[in-house]
Amino acid sequence: MSREEHIREFATAALAEGRVDYFIGWQQGYNSSEVIPVFIRDAAEVEQLVWNPLCHHNLVTFLKRNMPDPPDAKIGVCVKGCDSRTLVALLQEELVDKDKLYVVGVPCDGIVDRRKLEKEFAAEMVAIEFPERGKVVVTTRLGETQEFAQDAVLLDVCRLCRYPNPVYADDTAGPLETEPDRKHTQPDWTDIADYENFSDDDKQAVLEQIYSTCIRCFACINVCPVCYCWDRCVNRSRQPELVSQKVGAKENLLFQMIHMMHVAGRCPSCGACDRACPVEIPLYLLHRKMNKEIYDMFGFEPGTSLDEKPVFQTFRIEDEFGD
Amino acid sequence: MADNGNGQGKTRLTSADVVAGATTARAGKQAGNPYLPEVATIVEIVQETSNIKTFRLRFDDTQVQKDFSFKPGQVGQLGVFGVGESTFAITSRPTDDFVQFSVMRAGEVTKALHNLSVGDKVGIRAPMGNGFPVEEWKGKKILFVMGGIGSAALKATIEYTLAHLDDYKGISILYGATAPENFTYQYDVDEWQKRDDIDLTLTIDRECDGWQCEVGLVPAILEKMNPDPAETIAVLCGPPIMIRFSLVSFRKLGFTDEQTYTTLEKRMKCGIGICGRCNVGPKYVCVDGPVFTMAELAELPDEL
Amino acid sequence: MAEETRDQGAENATATTEAGTAGATGEATGSPDTRRVKIIGIVCNWCSYAGADTAGVGRFKQPANLRLVRVPCTGRIDPLFALKAFEKGADGVLISGCHPGDCHYSEGNYYARRKFELMERMIHHLGIPQERFKWTWVSASEGARWQQVVTDFVAGVESLGPRQGRAL
Amino acid sequence: MTIKYLQADRLPAFLEYLAEDARVVAPFKRYGVVQFEPWSSGKDVELDVLLAKQSPKEYIFLQTQTYLKFGYRMEDPETSAPDGPGSDDAASEGEGAAKKAEPDESPTVGIPHETVHVEPILEAQTQVIFGCRPCDARGFVQTDNVFGGYGGFYYDPLYNARREVTTILAVTCREPRSTCFCTAIGGSPAGTEGVDALFTQVEGGFVAEALTEKGEAALAYEGLADAGAAQTDAAAAVKEEAIPKVDMPFELEGIRDNLHDNIEGQQWHHLAMRCISCGTCTYVCPNCYCFSINDQIVETEGERYRVWDNCFNPMYTEETSGHNPRAQKSNRFRNRFSHKFWYYPDKYDSLLCSGCGRCIMHCPTRIDIREVLRVMGSPAPEPEPAAAPATGEGKEA
């Protein structure tokens, strides 16, 4: 049985037994090149649920405060490995009621970066198919077809992923993925090495350039599953204006920095912000850098164990920081 | 640019003069930049209650002050430079040689306003909105029902009707506050109590020593007063909860939605029907309002 | 965020003029001289604020570029406070509180030090050199230490000069 | 009407010519992302990718626009000199200061006191927007109504100052995307509304038609050849072929009335489920125009600026009391679509959408305006049978 069938089966059962009011999964968008979140309220609609390497949305976002509708809904949700870490981060702080939650873990072997594919073509992609594991076939509106190896078009976050299997789930859709070797070693930070090697001036220049395109739509903040005061965000408050609302490279960088500081210890670099950004700012870069620093400081990886507390919500007397 | 040899006459306003609002727009263009506040100086501050102050202001430009006129019920944007602008009802009389706003200390701008003293500068953009149709009401009885700071929105209208008593068949006021010290415009209330041409009813939420008038919530007192809906205009302003329940009472008493008026408050920014913040469905409170009849509101989405 | 500001720029650190929040009327004091660096100190009420007082009472000479914002506890300080100060044109931000173990609320500074450490490690990504940001511990009795910390920090920031532009 | 032919390799020279007197704005690719940017020599205009991420509205309706600077000064009423330039509108401080003293208690007379100095800022640079699509240009026509320059109800000088000095040179869409729906709402891939000159890509170059005086002026460039019959025919063919390539995902007829009738529909909740309340759709939209006004001050010098805002912001309508008229996500969601197809049409007799489909492409969860209109723009669904026959009554609102 495929993972997709497993998900549908779990959803059907949960809805039929009334364990959930609605079930959040993934669905095909307006064509097969897009996958979107879907909210299933009726067991008859479970056929809409899909699972393929385009299911990039972190559905934990829809569990945040003021996202569920009705607010006290019992919710079923699908999580990938990285998504489950954000869920664990929320559970660590008891921001989601575990009893109202039914979690289906979906082991994942990497999500395809749709934007990488998009850049291969001038014409619009209208279909992305996965005829077999590891193969991606793209069709454009002009009828061109091209095949890619899945590994070559993975999201950057997936390349160094150490948690392909959900760290927390009530049920798991199909067999677990083989744990990669890097699971058992230290995290690999090679993806940010280039950036780290820049001089301070270069860093600043690079950041200013990439953040200058930010349009302050706040998709990054609202889509972030662990940014739980999203609807009262200091960055978005216009009166009082707590953070400058002007749009400019430096102001944008400031607001991103505040966002980052506020999710420190909870952000597992799932990359949801990066994928949501309509102007394709590589937000992931600074978040990875921050996580590296946190790892250096505490040896801590956010959202990996229910028993831990996020590092900034706790302390050890023997911490050795400062002078 | 190559084609712009003359910097003049570039607007297509005249050639596209098809939409009804074109005249207004042209007038607006001549009037200048509607975003620019007129600088005004605080000439007097009256502490009304513990958290309400009334500011009397005079425009620094004497001509602006001379030309300033407004209709009862219109609002203005009062701003502190560096903090921002907020919308307040104009509470002066049209004949006054100053502009007056009553401000309850609640948020950023109001806090900043409360920190000002006489002689300090503020920015004013006024008047805005439609105001009450006081001309249409001629020959009718007017019943003002207000609670708390809601009296500020009706103050100019009450003053107007009192100044034109002959035009109306009678003025009744039902005014509620949480406690006796929370009546805004205590000096007005004292004066109204003395007059016999105003039917004034005061009420407070809870019994307290020395209180002579009614005790109870506004809707309950309203029903007790049992006003006759015939030839009467009801004007309602107060906290949303009071409006909601008073409206129920009005309907019970036989008032139609068409004869019940209220004035709305919304977060506003531009004040000229553009910024898209104060809309309730297709109506913009800043230009289509703030005065609406209940019948008009019934047509709109439930976004009050 | 500024519950209270205290301008130390008068003659010496004993100046206790409470400027109140810098509101619409602008700041009550402050030199228009843009060539002097402006430094915001965010200090906890119980140790470092008192430490600054001690320094003042002891007539320890110290630079007058520092403006203090008093907060109940360093645990209250959000990294946003420092960033906001930089945004508003501060040339340096100094954060100081009780020594570990001495927190008036038992453990606020234990949380705080984790945050500040991360902040310190990340701040240069904003284009702000690390030298413009410092966090440390000064207790109520350590007037001399306060003098030392402030003098050193201000000297460091002065060597970098005022930051160009108002925003970050 | 002038019809010219521009050889593809002459495009840079043409832009160079335009840039002599104006800033030229065109779509460029940076890190694979296409955005409108000021052109400078050597940059290649990107026309293969149909739509830039954002419409060029930010060049007329600036995302951040400072329109007022102010400063608090200490002034001595007796010695105060007349203020600096640019403060004409702000009334004269000297006079205000003198007057201020009279009602005031006498001790303050003669003591330096605080006055405010206000300086309005309104600047507009002559510019040419090249390479936008007809839907982008149509967006300007629709926002023109709102900002009043072309016959709206209110006049906004901040917008119109720029609008009036902007020439819009649009390029016909040869290969519309599947998300395009301009024809469904009365536009066309070769639409001319709001366009000063329309360029159509044909073999080897562009056929350029001037549509307004501004367009004529832009085409006065002597490097342009007169278009031959073969070229104009080719351009006509390109336009003709493009039109059927745009899908017609819904019927416009009745949408306004049905939105009105469905205002309380439960479906709004279901459609808004995957909305994350960000502002992407409104910021990439050529039509959305809502904004906020904020003040910033450092010590005594400050400014007041206008900045884009959007109705999805949870704090957008929140009042100081904490009461929020559109507290729920579904309320805000409803507002955007109702504004485009009901509130705005009621006021300006036009639609606030030009069918570019950007909101669909860039929404992080791909909320589809076509789907919303199909669902909410059709007669009220069965669960509310009473409401269904009541179509047509909505007109009175």
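Note that the chains are named A, B, C and D in the order they appear, and that numbering of residues resets to 1 at the start of each chain.
Please note the rule applied: contacts are C-beta pairs under 8 Å (C-beta built on N, C-alpha and C of every residue); 3 or more make two chains touch, one makes a residue touch a chain.
All values derive from a computational prediction rather than experimental measurement.
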{"item": "Per-chain Cα centre nearest the global Cα centre, belonging to chain", "value": "D"}
{"item": "Pair of chains joined by more contacts [C-beta pairs], A-D or A-C", "value": "A-D"}
{"item": "Distance between chain centroids, defined by C-alpha means - chain A, chain C (Å)", "value": "37"}
{"item": "Centre-of-Cα separation between chain C and chain B, whole angstrom", "value": "45"}
{"item": "Between chain B and chain D, centroid-to-centroid distance (C-alpha), Å", "value": "32"}
{"item": "Per-residue multi-chain contacts in chain B, two or more chains", "value": "81-84, 107, 120, 267"}
{"item": "Chain A residues counted as touching two or more neighbouring chains", "value": "239, 241, 244, 246, 248"}
{"item": "Sequence positions of chain D contacting 2 or more other chains", "value": "72, 114, 292, 294-297, 309, 316"}
{"item": "Complex contact set, residues of chain B against chain D", "value": "1-4, 10-13, 16-19, 21-22, 24-29, 31-39, 41, 43-44, 58-62, 64, 79, 81-86, 106-107, 110, 118-121, 123, 240, 265-267, 269-270, 272-282, 287, 299-304"}
{"item": "Contacting residues of chain A [partner chain D, same complex]", "value": "22, 29-31, 34, 36-39, 41, 57, 61-62, 66-67, 69, 115, 119, 122-124, 126, 141-142, 210, 213, 215-219, 221-223, 230-232, 236-239, 241, 244-248, 275-276, 278-280"}
{"item": "Partner chain B, residues of chain A touching it in the complex", "value": "239-241"}
{"item": "Residue ranges of chain A touching chain C (in the complex, touch as defined)", "value": "200, 203-204, 207-208, 234, 242-244, 246, 248, 250-251, 253-254, 257-258, 260-262, 264, 286, 289-290, 293-294, 297, 311-317, 319, 321-323"}
{"item": "In the complex, chain D residues that touch chain B", "value": "17-18, 20-22, 67-68, 70, 72, 89-93, 95-96, 99-101, 103-104, 108, 113-116, 118, 120, 122, 126-128, 145-158, 160, 164-165, 167, 213-214, 216-218, 220, 263-264, 289-297, 302, 304, 306, 309, 311, 316-321, 323, 325-326, 331, 334-335, 338-339, 342-343, 346-349, 396-397"}
